[in-house]
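The structures considered in this document are given below.
In what follows, chain A forms one complex with chain B and a second complex with chain C.
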Partner chain A sequence: MSIQDNYLKNKKNIFFSENKDIQSHREKLINIFENNRFDKKNNESLKNINLKKFIDFKYRYLISEETSVINNNQENIYSIVSVNGQCSSFKDDKIEITKILDEDYNDFSKNNTIENNDHFVNLNSLFLNSGFKIVIKKNNNIKIKISNIITDDDLTIFQKNNYICEEGSSLNLIEEYENKNNSISNILNVIKLEKNSQLNHFLIQDNSPNHNLIITSHSSCKKDSTYTQKVYNFSEGYVRNFHYSELIEANSEADLQGIFFLKDNNTTNNKTFVKHLAEDCKSNQVYKGILNDRSKATYFSNTHVDQVAQKTEGYQLSKGILLSDNASYFSKPELKIYADDVKCSHGSTIGPIDENAIFYLRSRGMSKIAATKILISSFINEELSSIDNEQMSEIIQKKLVRYLSKVK
Partner chain B sequence: MNSETLDTLDTYSKNKYKYGFVTDIDDEKPKKGLNEDTIKFISLKKNEPEWMLNWRLKAYSKWKKMKEPKWANLSFPEIDYQDIYYYSAPIGFEKKPKDLSEVDPKLIETYNKLGIPLEEQKVLAGVAVDVVFDSVSVATTYKGELEKLGIIFCSIGEAIQKHPDLIKKYLGSVIPPGDHSFSALNSAVFTDGSFVYIPEGVKCPMELSTYFRINAENTGQFERTLIIADKGSYVSYLEGCTAPKRDDNQLHAANVELIALEDAEIKYSTVQNWYPGDENGKGGIYNFVTKRGLCAGKNSKISWTQVETGSAITWKYPSCILKGDNSIGEFYSVAITNNFQQADTGTKMTHIGKNTKSKIISKGISLGKSQNTYRGEVSFLRKADKARNYTQCDSLLVGNQCGAHTVPYIDSKNNTAVIEHEASTSKINEDQLYYCRQRGLSHEEAVSLIVNGFCKQVLQELPMEFAVEAQKLVSISLEGSVG
Partner chain C sequence: MFLEIKDLSVKIENKNILKGLNLNINKGEVHAIMGPNGSGKSTLANVLAGKEDYEIINGRINFKENDLFDLNIEERAQEGMFLAFQYPVEIPGVNITPFLHSAINSKRKRMNEEEIDNLSFAKLLKSKASDLGINIDMLKRSVNTGFSGGEKKRYEILQMSILNPDLAILDETDSGLDIDALKIVTDGVNKLKTKDNSFLIITHYQKLLDYIKPDYVHVMVNGSIVKSGGSEIAAEIEKDGFQKFQ
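The block that comes next holds the complex of A and B.
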């Protein structure tokens, strides 16, 4: 079934299909698909993807009756259960949670440059069926944990979330994706940081082999704000992490980090993109990956420094360890620099575990497997030890142990 | 930025192309445009055998179906292939002069202006020069000495006549005519270039060198160079270019193929200083070059060194295919862009064999309103056990209207291969400038010194004969400064 037919058939279940503006925007998107139907050859970000699964999907969506609960058991700590991408509304003097509205859709689709060349984001806009908006009010310090749950097999979730951190606010956001059913979940997070705000965003991804997670985020930082994102990908199913950040006002910072652990036939595609559009901004992009068996990964990183963005510091680092003969890793760290007073660099390494290090450990009486495991743990130790949330650190340690137990 | 820096930048960017002059020599050209007749005309002029003509026509039919590659970070107006002359040779060249006294004195004068007097080079530097003026070889020196060793060093046209077996076997074997549109174009209409064959076990005693020069207006130059190093041999080849000042854009699409058999080593050095266009971005050469080396045998080595200072558009990726076990590929590059120049250059290292090694050092310097891109691919295929790569690409920005970009592609399919890549981009360090100024250097001298230091890693790879010239070019590109 073509994307157009699929859309028309399910139109009544899709958000905002009554809105004329959005309707015309979607028609444009359909045109893009018809003319340029997932041109795999000229789009390296589609490398290693089984596209059929994502183009010829069967649209199915359920609205869960016992929707999302919000617990406010402690001061400033909220835990949200989002079911099939939906979340019930909530409001107090610190945060406000609502459904996403037409204007949020427009706000993103009109001001966004990535959408034209990212087919998955286009699919998200086209089949949008869920999502919520969270506003952190001025000068509040909040912690939120979101568990993303999908209730049934064969669901296709197309979700747009808006996060707005108002002036002076600070948010610690932990998102968990742990699903065991055979579904496609396509999520777009639009994040806005107002002046002097801060967002620490953790994403823990641990899905079963049949679950496909496509997660895209687009963050924009105003003056003195900081966006930090850490992605921990333990999934056994396909995951796509594409994260775009724009530093639109002076002295803002974006830090995009990720670690992925792959095994069996799994693949993952990762991309980080930071656009420096103002002076004195800093960015950091660090991805590390461990690939076992026949797994495949790609990582694209890009620092774009606009002509006005003097005094920029932008760093990239990509590291990969291949544990098996059949694993493959592709990385493309790009720098695009149009200003002269900048400090930008990237580093990228791919290789096996250092044999000398293994030899050292073995000469001290360790078995080869034990040595390998120790060296894998130390490879990512920097990232793990920087987690200041004890509970989270514990969760991640457990998952790491589980991954290591399969390493032979 | 202080006003002094701005002044210096101003001087740099106003620097005129020193070698902008034209020698008047009558040209013999076919009609403008590209079609089968043009190719037949070229083939007839070169007195080629039929299999060569067929090879060209086959390439042409491939080219017709192809589009120019668009992925590079370059913008230029559409090239009208029908508005270009595909053959131009100074009159009377079918009968080659036997020594320099028979060569048109105007030609010799041109080279004198460029500071490479043939006579002097012949005697002092011990370099055999195969000069290409427009498209036909002017003179080949030191041939006798090379012949004694069994080295073949001649124009490709001559090689087609005299060594058809080698040409048939190797031409197009590294860069297939259908590789991309520029290689197909070159294969169809190439007019001249050099051919080198080093027999088994021979170490070529001197640096082989060719000077390319574009002269006639609207003449695209399509050089084809083929170098074969047989088992255990060694050769160092120099290539340098300067071009007269012209307003119309000139197209240059050369193909260079290197083949290193077992234990052989080829060192290929280029200094490229085609006309880059004026300070308003008008004119300049479009330089679309395909250079590829194949390390076919075990323990072979290919090393590319390039200094790119000219051309309005540079599109050039000297690559190595490391097929033989233990083979080594190297790439050293300095690319300087000024005014409105655009350069998209880099390399491709494809590791196929076991224990293959590659090293990439790239230095980009952007001034004025230019755009300088490094684009490189390093890939380890499944069987490239214990392969190793080290890549370093640094960019220097001078002025706030230029751009420096780095686009590396890194692909590893082998878990014993190790790849390291690092890159940095920054402007000239104020502290270093301050230090130099304190010791009495002028601002200009200081900048030049720092830039030369920045490039040193690459310049020191050049053979002696070239090193001086390269340093000169670096300085000219930064003008006014000392070298």
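The block that comes next holds the complex of A and C.
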């Protein structure tokens, strides 16, 4: 079935299908699909992807009534269970959770940071069937943990979430994606940081082999705000992490980090893209991967420095360990600099585990497998030791131990 | 015989490096091997420690009644062999203390000895480090990471004194050391020397042998030992170089 037929058939179950402006935008998107079918060579969003699975999918969505927001009775800590992409409304003096509205539909595309040809974002816009909006009110400092639950097999979730951190607010956001059913979750997070606000965003991904997670985020930072994102991908199923950040006012920062642990035939595609659109801003993009068996990964990083963005600091780093001759990791760092007073760098190092280090450790009595595991742990030591949340640190350590137990 | 190397020939990437080398070391003996660059000294050290890049063409090595080739790298270490590396590898993110603790316990396990607990190990490490003039802060760092050349060598000797090997191979431990560091390192070695352990010291220069007195000195040229004797050979080399042995 074509994208158009799929859309028309399921239109009544898709958000905002009565809105004429949105309808008109969606027709344009359908045209993009019809006319650009599908240039894998020149489209980063399509590399190493089983296109058939994601383009010729059978649309299925269930509305669940089980959504809940729990204020854990601990001050400033909220637990949310999002079911099939939905979340109940909630309001107190610190946060407000609502459904997304028509006006939130296309609010991320102003600076064209997300390319028009990102088919997964376009699919999200076309088939949008779930999502919520969370506003952190001015000068509040809170923690939110969101467990993203999918209730059934063969669901296609197209979810859009908006996060707004009002002036002077601070949010620690932990999102867990741990699903075992055979579904597709295509999620777009649009994040807005007002002046002097801060968002520390942790994403823990640990899905089973049949679950496909496509997650895209777009953050925009106003003056003196900081967005930090840390992605821990332990999934055995396909994951796409594409994260875009715009530094739109002075002295704002974006720190996009990720670690992925792959095995078997699994694939992950990753991208980080930071657009510096104001002076005195900083960005950091660091992804590390450990790949075993026949797994494959890609990572594209991109720093774009606008001509007004003087005194920019922008750093990129990509590192990978290949534990098998059959694993592959393709990394492409890019810098586009139009300002003359900047400090920017990029680097990429991918290869097998250091045999000299293995020999050194074994020569002190450590077994080969123990030496390999200690070197894998040391490879990501900096990222793991920087987690200042004890509970998170324990969760990640347990998942790491589970991954290492399969390394032979 | 503690270590018996018989007719050992080794090649790497189709290049013959060791050519019928023979060497016997008894318990309690200190042997020094001297030789010019490229004579195969470090290859011998690496082959003894079990580095897998080399192809053994001929010969055998017995270590403490074991056929050495039946033991993998870690089993050799656990049996009491220790190589102090010429170029110790930097391993960022692997902290010195837990690494050494794990190393000593893997040896104890093989010897059916009780594992050493955290507290006892910390005390042992602190005291050995102090003997070698190693700052306690250094023990909080990653293995060899950011160490100066002298610190790396000192740290090799610290590991040696913790693991207390039966046979220690020192591969050009003197290279890159200033005179003060050389004294500290050689003092560490001398303290460790007993009638039950042996040392194989690989060096270019006699200087090291002024501080660690060898029982035997061997001259290695072009992959085999061409002359053996006492410390007078070292003096001879210091005076005339290796030319006359080639």
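Just so we're on the same page, the second predicted complex is superposed on the first by the 396 of 408 C-alpha atoms of A that agree within 3 Å, B and C clash if a C-alpha of one lies under 4 Å from a C-alpha of the other, contacts with A are read in each partner's own complex, and residues count from 1 in each chain.
Simple rule for what comes next: a residue touches a chain if its C-beta (ideal position, glycine included) is under 8 Å from a C-beta of that chain, and two chains touch if they have at least 3 such contacts.
Since the model is a prediction, treat every value here as computed from it, not as a measurement.
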(request) Check the residue A:Asn381 against both partner chains and state whether it touches chain B (first), chain C (second), both, or neither. (result) second
(message) After the superposition on A, what does A:Gly347 contact: first (chain B), second (chain C), both or neither?
(response) first
(message) With both complexes superposed on chain A, which partner does A:Tyr338 reach: first (chain B), second (chain C), both or neither?
(response) first
(request) With the two complexes superposed on chain A, say which partner A:Leu8 touches: chain B (first), chain C (second), both, or neither. (result) neither
(request) See if chain A has more residues touched by chain B or by chain C, and give me that chain. (result) B
(request) Tell me which partner A:Asn356 touches in the superposition: chain B (first), chain C (second), both or neither. (result) second
(message) Which partner chains sit in contact with A:Ala327 here, chain B, chain C, both or neither? Use first/second/both/neither.
(response) first
(request) For A:Ile77, decide between first (touching chain B), second (touching chain C), both and neither. (result) neither
(request) Touching chain B in one complex and chain C in the other: list those residues of chain A. (result) none
(message) Show me the residue ranges of chain C that touch chain A in the complex, using the header's touch definition.
(response) 49-52, 72-74, 76-78, 82-83, 85, 88-89, 91-94, 99-100, 102-104, 106-107, 110, 142-143, 159, 163
(message) If we count contacts the way the header does, which residues on chain A are in touch with chain B in the complex?
(response) 307, 310, 320, 322-325, 327-352
(request) Would you tell me which residues of chain A are touching chain C in their complex? (result) 354, 356-357, 359-368, 370, 374-375, 377-382
(message) Give the list of chain B residues in touch with chain A in this complex.
(response) 382, 395, 397-427
